[in-house]
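Next, two complexes with chain A in common: one pairs it with chain B, the other with chain C.
What follows is the complex of A and B.
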């Protein structure tokens, strides 16, 4: 299976190279550093959340509430700012909301024993509702310049804060997943929770940590969004959860848990971003772009299946 | 004699390399209750599945009314009048009795009133008083079984297979069910009655067949046999044929002392001592609740009564993590569900219960040490695999079993609980697993071995604890134990000592 995963990543890498080469040939602007950074910037919140979502899905769970948590965090920031709270305090409160929201998800999933699909569907609605209550129909803006700059300007040369945060978070989660005991348990619990329980692993605690991390990172991403756009509204990050999950699944993470890598998610992020960028540079409309991503997702599910049946067939014949 | 309703003629069934049935022959006549007895794993379930069209014979044939027949699936079997009722009734809990009986009725518009009347007639024929408008989830197990039987009758059943129908019923309900079985036979149905309870076999059956190791051993009129003969036939093979008892290595140091252990509604009053160097085997039939005793000791089931002394101090264990910390390992009988993460590499599975051993202070896994451990066990336990990085699911059952043992041996437990250590693995691997467990206790550990395989119980157990339906029947010394004696206790032919 490890080999198969590696070859799945190989396939993703090959697809990426093709897209990259095609884009570079078709449009000279593509290779410019400005375009490359811009490409990340436009989706940076989603791809940050996709990193944690990778862990959640490997753990055989799902968090549908991430988009709403991003919205809630962004709107809470706007609300607090408007009510005269100092932005650093507001940021801390928003991250706290993320932790709390994640803990609520985790509590219902691990202590009450409800499926994460149901719990996070409920909080998807609930968090969004809270966001809209706070902001109503207004847009809130005029944040301090330093805050907007974090989202819009380069911090290290042309590289913006959010991209640095993405790279750091990627590095941390990569080490956790590939090298740490926590990462190992993430796979084992996702592969077979009962086996993990019988091996003395506290699976409830593990899932609780994952959902809190998911909530906190989503809240962080919501703040990045507020800084990048410079204003918030009740519909911030609406429907982002589906894009996030699409990226993770396209990266080869199994929706049934126990399988997938963070590198797969990264390749998938790069493919989606470059594909969209390439199509945009060719003046292909957003709707068609979305359709193409959808086709890719279906292909990502179908292709391994075909390869699996091929690999199985000779064995069954000999049995 | 009349023609058999259904007959198996030299039927064999192979699953891969294992033979589940070998040249099985059986004739079922109209109007008889035909009991089938045999140890767990003797091939009864496979035989039922062939008779109900779920499996096809590898060789040999199935005859209905003297004609060779191929039953393609359970629906085909039902259309030919063959149906089975199981220990756990398969009713749809949210539907009422009528709907359950006519679950496979076809057509867009069903005549509810007619179905209701027919359901009442069928329930009456079964001999039950039951409101046909009641929802199935509110019925007792016996009533649910009656519904299942009525469903079979609605399709003109001619062969009704009852697989351990009374195993989860109270004494009163069981009597009721036996009365139903008898009355159906009197109406001309061939009733196949599979049971571990020999007393009810003798009360109910007209004829009894013994099967063992997938083979037909005998078929006799009930008057021509007795419980002792049946048990001898069920146990059969020369004990020690391929398992020889290894000498006891028991010391005087009591590691675990269990006094009156119980879990409400599951088992009660289990008491035994286990010494270092000793193997205590737990014998019994399926449903004897031996696994639950193990789970209570491993912290996965909360004990409601009794005292456990472990390493000389009272033991309170509330979770598997605490059990592991205390040096107790539990090797599950269910490799697929509870034992191994089949899709993950062998190395990962082996270190699963002992991951802490390989963690650096920062929580990172020392892969080199982990690999060394896995390679070590691969060599010591003779695990046949090209690579410790392949998913454990790729291995044969015997090698999977060894990986599971490695996982638990690596924690260097004091108490090793092994549930069905050799289920579904070949004879060579069985001997290897036995040697591993014996080597473990010889080095000062103690083992509790649960097994439904009598030769294995006799080969492993320095002492043998026999359980039946949640109760401890006896603890026998190895030298005083015989297969027949154990089977008599396990089936309730002989009372608790």
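What follows is the complex of A and C.
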């Protein structure tokens, strides 16, 4: 039990309980079903992408292009819809764009051998450029009612489609990461790619699959965004990649790869969303919200260091 | 979908109600409690702080025992932040949200949800393009009149004769392009402007340094230039500073749309003798009266309704000519600032 609490996940869970209790005490609206659903809905696209980002970072890579891919997918949907393409076809095309964009990232990273930081920084700019070219400075809206309803209304009772998608995706990725060979390889490659290569793992293929998944899920999240807000513009999801990466790192996933769990990411998601929602209900302004989340991230980087040096100290003394 | 039917029915009722005109302006009864939020595009912009001052003034004047919060997103999170605050306002069951919209139609579902929860949405400065989810838009000025105001300032500064150039924001800034076009129309429409020549339109990207350099380039390119007209608060200040730094103020004047607090020194030393803008304090004040009236049920939000907004006088809800099916309250007109009134406004 004590060991559990000492783990990073244990610490996150304790922080979450404190925030949750604080919110419930401070604002009577917090515990309402509507608010609890809104709390997820307002950031649902980011937290869906955070699930895949967890795999990418454990694999010792990064995908900075996810926000731009969300924007590209949403804008492509608006563009196709405006040009008379049937929405189901447009949705399929957008998901295809996600797969293709992910494959482009993967190809440059695995075949050309460029660092993912550089490649996805380039596609962050490139995908956003394409999105802006397609819709220019206009807003495109008036999507079909069923499409808007998918983003805005409950599907299972009050629970919207996007939240169900998040839960399903969490379950799938959890099983893959914790219970499959693919998951074990993700950790091994992330810890040491050379060792993985010597062990006969096709690391290039593995990374290619991850980046395609990241592109496809980002495109899917972009469509969810379009449905939720009922209109798209060139700046859709601008800067979302930083929020996504913040959540994953706060969840205890090591930026150097090889370490981290999906449960950590989930706890981090819940902490960030509850914190933001609680501050919003207390009418705390955006600057302070950003500051608090920033402090939290700094703490998440510093605290493990302190614990590490503390844990080391007695050993060194005895030696 | 249900929502749209409900709104449709409400719109039909409103049209029915509009057939009889309200003879007298309603005097709003103070002292009723309603919590409201003033939601700017983002925080850290002077004009939005001024709008808040105006709203706070009205809040005190109407003796609303409820709370008036001034809260907004950070600039890089503007769209998502505005949607979040709108959604939260509905959860909190606030009386009204006063929104300077930066999210385009993306705010519409959140605004409609707020309306469904009984929270009125009054826009100011920048409306919801489709009008969906919006009770009424408090418009600062009639954007069509801006062309005439700029043409008149040019006429007055140049003494009716001379060359002028425009230094705008970006080539695809919709507001500025419409205003420049309106000025061209105004210049062509009246013979008194016949001797004013518009020689060029350049763009400073709404960045101080770029605008500063473009202004100096204009002076080099057109030796007979008498006036730089800049319909953006960044451009006008940078141009005035450029002319002042280079000692050109006797020869080339600056005018356009500017903030009194930023322009006061240039107006007093003659570099920018006249410029125009609307008063954001007044805009916040009028917006508060409108939102208070709607939130307390004293106003229905129907076309033709008139009410008294304290020190600013009477206003009427009307059809918005630029957005079919939407409603607006026109604050207007422009305030033209000169040596005589700029110091008071800059405080």
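The rule we apply is simple: the second predicted complex is superposed on the first by the 313 of 319 C-alpha atoms of A that agree within 3 Å, B and C clash if a C-alpha of one lies under 4 Å from a C-alpha of the other, contacts with A are read in each partner's own complex, and residues count from 1 in each chain.
Keep this in mind: a residue touches a chain if its C-beta (ideal position, glycine included) is under 8 Å from a C-beta of that chain, and two chains touch if they have at least 3 such contacts.
Keep in mind that what you see is a predicted model, and the values were worked out from it rather than measured.
> Using the superposition on chain A, tell me whether chain B and chain C clash or fit.
fit
> Tell me which partner A:141 touches in the superposition: chain B (first), chain C (second), both or neither.
Touch partner of A:141: chain C, not chain B.
> State whether A:228 touches chain B only (first), chain C only (second), both chains, or neither.
second
> Applying the touch criterion given at the start, work out whether A:286 contacts chain B, chain C, both or neither, answering first, second, both or neither.
Once the two structures are laid over each other on A, A:286 reaches chain C alone.
> Hey, in the superposed model, what angle do you get at chain A between chain B and chain C, Cα centres, nearest 10 degrees?
130
> Between chain B (first) and chain C (second), which, if any, makes contact with A:38: first, second, both or neither?
second
> Return the chain, chain B or chain C, that is in touch with more residues of chain A.
C
> Which partner does A:239 reach: the first (chain B), the second (chain C), both, or neither?
It touches chain C, and chain B stays clear.
> Quick check on the superposed pair: does A:200 touch chain B, chain C, both, or neither? Answer first, second, both or neither.
In the superposed model, A:200 contacts chain B only, not chain C.
> Using the superposition on chain A described above, determine whether A:185 touches chain B (first), chain C (second), both, or neither.
first
> Could you grab the smallest C-alpha gap between chain B and chain C in the overlay, to the nearest Å?
33
> Which residues form the common part of the chain A surface touched by chain B and by chain C?
The overlap between the chain B and chain C interfaces on chain A is empty, containing no residue.
> In the complex of these two chains, what residues of chain B are touching chain A?
16, 298, 300, 319-321, 323-325, 330, 332, 337-345, 348, 352-353, 355-356, 358-359, 363-365, 367, 389-391, 407
> Along chain C, where are the residues that touch chain A in the complex?
Answer in residue numbers: 1, 4, 37, 42-44, 69, 71-74, 76-77, 79-81, 83-85, 87-88, 91-93, 103-110, 113, 129-130, 172, 174.
> Write out the stretch or stretches of chain A touching chain C in their complex.
Counting only chain A, the residues touching chain C are 29, 32, 34-35, 38, 41-42, 136-137, 139, 141, 145, 148-149, 151-152, 228-233, 235-236, 238-239, 276-277, 280-281, 283-287, 290.
> Hey, which residues of chain A end up touching chain B in the complex?
Answer in residue numbers: 1-2, 175, 179-182, 184-185, 187-188, 191-192, 194-202, 258-259, 319.
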